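What follows is chain A paired twice: with chain B in the first complex and chain C in the second.
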Partner chain A sequence: MRKTLFYVPLVLFLGLSLFLLSGLFSDPRERDAVMVGKPLPAFSLPDLMNPEQVWSPETLKGEAFLLNVWGIWCPTCNAELGYMSQLRNEQGVRIIGLYYVLPEDPMFGEVFDLAKLQVDVQSRLQAFGDPYQFNILDRQRRLSMDLGVSGAPEHFIVDAKGIVRAHHIGDINPQVWRAKLAPIYQQWAGKP
Partner chain B sequence: MKYVARLLCLIVTLSFAATAVAEQSQELFNFESEQQRRIYAQLTAELRCPQCQNQNIADSNAVVAVDMREKTHELVLQGYNRQQVLDYMIDRYGNFVHYQPPVNSVTIWLWLLPVLMLVALFLFQLRRRRNVDEDDSTSSEVLSETATKAAQQKALLSNELDHIIERYRSKKL
Partner chain C sequence: MIPELGQLALTFALAFSIILAIVPLMGSFTANERALLVAKPLAMGMFVFTLLAFCALSWAFYHDDFTVLNVANNSSSVLPWYFKLTAVWGSHEGSMLMWVMILAAWTALVGQYSKGLPLLMQGRILGVMGLINIGFIAFSLFMSNPFERTLPFFPVEGSDLNPLLQDYGMIIHPPLLYMGYVGFAVSFAFAIAALIGGKFDSTWARWARPWTLAAWLFLTLGIMLGSWWAYKELGWGGWWFWDPVENASFMPWLVGTALIHSLAVTEKRGTFKSWTVLLALGAFSLSLLGAFLVRSGVLVSVHSFAADPERGVFLLIFLLIVIGGSLLLYASRMHSVRSQARYEIFSREVMLWGNNVFLLTATLVVLLGTLFPLVHKELGLGSISIGEPFFNQMFYYLNIPFALLLGLGPWVRWKQQKAAPLLKPMALIAVFSLILALGTMAATQTVAANLALLGLLLGAWVGVSAIMEVYQRLQQFGSITQGVAKLQASHYGMTIAHIGFAVMIVGIAMTLTYSEERDVRMEIGDRVVLAGYEFELQDVYKLNGPNYGGEAAEIDVRRVDGRYVTHLHAEKREYTIQRMVMTEAAIHARLSRDLYVSLGEALPGNAWAIRVYVKPFVRWIWLGGLLMSLGALIALLDKRYRRKTTTGGAAYA
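The block that comes next holds the complex of A and B.
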């Protein structure tokens, strides 16, 4: 009895150390994936390049896709354009952009200018690569809020029936894609 | 020119920052009643910004926090009560977004563990004290008992030794 008691502090200490050690490797941005398993929230938003085209959950159904929340104001988003283009060209991943517009500050004379935004986006995509089938323009960030988006870049995997299957906060790089997202995408896209 | 204006604005803002602590959110919202204003103030203080992590949405100027403040205002004006607004946000951002986590099978340990540890410590201390007391009362008896046992053993051993010596001598002769 006395001998076992002797080891109790050691065991407690080791347990605490392991617990704290695991904390060092956890991602504080990781949140409960509330959206996973739910259908896409209702929306009706214009296409970024062709505003007459209106997208809604129904028009996106039919094939699984990767929804990428991004903006040209976001450096990480620009950095991942290259790798995502590779995913599109080499693995045939269907990637749809959800363009996250920053609020304008009228005090500084900022106004929303769609034509200028289209030109800027076009030149950015030419420089870094264009992974998108098309972009949905979320000017009021309503759909972003309904999806629980806290910033850019964020990614969702949506299956052919419009059900969200994964929510990834942060960028996509080869490691994240292979370890976390590719298995889920392949499961729902039905591709090898 | 734009940057000079921004810089000037920043300097002015910073110089007023100390006096503006009570009024963190920059938007000027109108409410229909004092009660709505109170609910709004309470909600923006207890909703957590999902982007900047350790600020509530009243303190934060991240885009998502501004959007959440506007949404909260909109919902409060629509007649949502505190719990309904909280549910709206938790539906989208998870329990993460509220500074008061719900009590469930995982979080219950936050409350239980300290109590359990306190009880365990108390029991441990109680046991130790009792053991010490018992040791004190029984020590003299135990001591004498072991002493007599040791003496008996010593006598047995020397007896045996005598025997061996005796046998050895008789054989040699």
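The block that comes next holds the complex of A and C.
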């Protein structure tokens, strides 16, 4: 009995190192989305290109979609436009953009100019590809906040009933799509 | 050329460490005296070559040699020369080299100052140090080479040192901290050498004590400096964040503190042997764990270096060998060792046992708080975070019994103590501390039953008890004047360190309770009143530093009755190469309070966001840490650690 007692520190240490080993190969910054399994938060926001059109969770229901938080100020978001367009064209993935407006700094004379933004977005989409069915304009960034967005790009898979099924931080590339998002999307979109 | 020579020197150091790890250890089993005798020169040689490597890297930094990748990434030509030199340890690779150099320096020091040790012990200790050196030199050389070149396409300008590190506190914070971490390698090597020999007596504890004290001294100073730097540099007046890496330095400190106390029992009474050895292994193991946490990227922290799983795997294997191996040795050797000494329930032994229990509980709390999120996530239970409230609450509850015990402990005798003779002095101390605490409260704030009062009471209890204990001890020598010279240095050291702890409790409790802060929008000429001080923004102008621009604010501070207090100069620097904004808070420090102003963003209409703090007694926190270090220094100077041992040397086998 006394003899085994002296092995306790060793056993504890070996147990700990197992966790350290597995910890090495996972990203400490990865966070589980609190949104998964919950309905989209309530919102009522205008369309980016056609501000008279107002979108709310009700109007998005009916078909599963991929919600992409992005902005033209975000290079990674621009980079993934091409692959996402491919997803839309080849696999018929329904992609809706949530346009994240950067806060303006009045110090530098910045003001929000919707017309200019529309032109900029249009030219960017022409250059890189347009995967979006439409874009929701999150002018006050409130919906992004409610969704727990920490940066751009981020993606949410939302099912036909408006329930968030997945949250992916970072860009979508062929590997991420195939390994992580496609199975979830197919499950909820009911498509092969 | 010079960087290549540095790399060559590091390679030589690796060769030295390998020989050091093999020859003397082998010699110790075959009783080959000549093999044991080479340990000392090998240790010295290893140190010289790591020092050369370190100098070579410093040279590259000093001369802006951007063909060296590490220099290009962490320095720039516009950096002042002293920051160029400190940039050497501003990166993972450079700091690893410094770690290696300090480890080799400790090894050489042990070689130089172990004349009193039997040759066999000497060889084993240095051999174990050599083993540890192999791991770190190899890690530096193969996994994070600081001398890697950018050739043939090298940048003409470096990407500058992280502005957070461009501060005087940063010049000595990492070296001191590393001296502490690595210093515990010496206690570790002593413990392993004793485990191999299978003999633990009071001489062993006496040899290990000064080395442990020295490591603990540096670790204390390093942590204190880090805390002070964070307070000054991060711009929001906090001094401890329970950041995973702070915790990683705090754990070896707690175990080191327990080790110092446990060693006292082993030296004086020959008991607690298995406990002391475990603590000696634990202190260094936790230092290694800390290095792993910082350098492998398993945790997110402001301190982490870039994550690289390969480095992590190397370090983890090293950890498994060093910690796992030592614990296995411990388990297989230690169970047969028994202590003979007897002691009663109320005795110094039990008091110190209590000290160890509390310190280890605290370590466990920190360890769990730091690693639980990782474990939780790896078990697939999702990510969680454990923050300040958990640690603060746990330490609040742990501190109360710990401080009460600390006030009583030094009065209690070894073996057995009768309760009756202590009643009177204890009652006296209790009354004194009550008066002192309430008096301080009434003088600085209003008297209220809160955390501050509790902190003052505990602080006064510990402090008054420490002072009266020395006084009573001195009286026993006949007269006070005679006693002052006769009392051992280590006793003074203990008393000063305990007073340091008291001072720190008071500082923490007062700061937590009475700090006031305010975020205000100020135009030039505006005034804001906080805790009886009136801050007036006099001017804001553009800054023009060597590698930064930004703004500076001039602020006058008066008492509310109009008495002039001081002038403050706060800066907000924008470092041009790294594009980072740093606050240089303006601080007016007095023992009773700090006035702290940091300059924030410019607001529309020629105004600025300004943050003002009044933090009572915050200096006491660092003063307490300094006193603890001073106590360790004085204890180190105790004559009995330098007395030569002439007996028992040959008996080790």
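Worth a mention:
Heads up, the rule we're going with is that the second predicted complex is superposed on the first by the 166 of 192 C-alpha atoms of A that agree within 3 Å, B and C clash if a C-alpha of one lies under 4 Å from a C-alpha of the other, contacts with A are read in each partner's own complex, and residues count from 1 in each chain.
The rule is simple: a residue touches a chain if its C-beta (ideal position, glycine included) is under 8 Å from a C-beta of that chain, and two chains touch if they have at least 3 such contacts.
All figures in this text were calculated on a predicted structure; none of them were measured in a lab.
Legend: residue contacts after superposition of the two complexes on their common chain; A:145 is shown touching chain B, with no touch to chain C. Look at A:42: by the touch rule set out above, it reaches neither chain B nor chain C. In the superposition on chain A, A:127 makes contact with neither chain B nor chain C. Residue contacts after overlaying the shared chain place A:119 against neither chain B nor chain C.
Contacts of A:10 after superposition on the shared chain: chain C is touched, whereas chain B is not. In the superposed model, A:20 makes contact with chain C only, not with chain B. Shared-chain residue A:79: touches no atom of chain B or chain C. In the superposition on chain A, contact is made by A:103 with chain B only, not with chain C. Once both structures are placed on chain A, chain A residues 28-29, 31-32, 107 are touched by chain B and, in the other complex, by chain C. Note for the complex: chain B touches chain A at residues 2, 5-6, 9, 50-51, 53, 62-64, 66-68, 71, 90-96. Across the complex, chain B is touched by residues 28-29, 31-35, 102-103, 107-109, 141, 144-151 of chain A. Those residues of chain C that touch chain A in the shared complex are 274, 278, 281-282, 285, 292, 296-300, 307, 309, 312-313, 316, 319-320, 323-324, 327-328, 330-331, 334-335, 371, 374-375, 377-378, 382-383, 602, 604.
Within the complex, the chain A residues that touch chain C are 2-3, 5-7, 9-10, 13-14, 16-17, 19-26, 28-32, 106-107.
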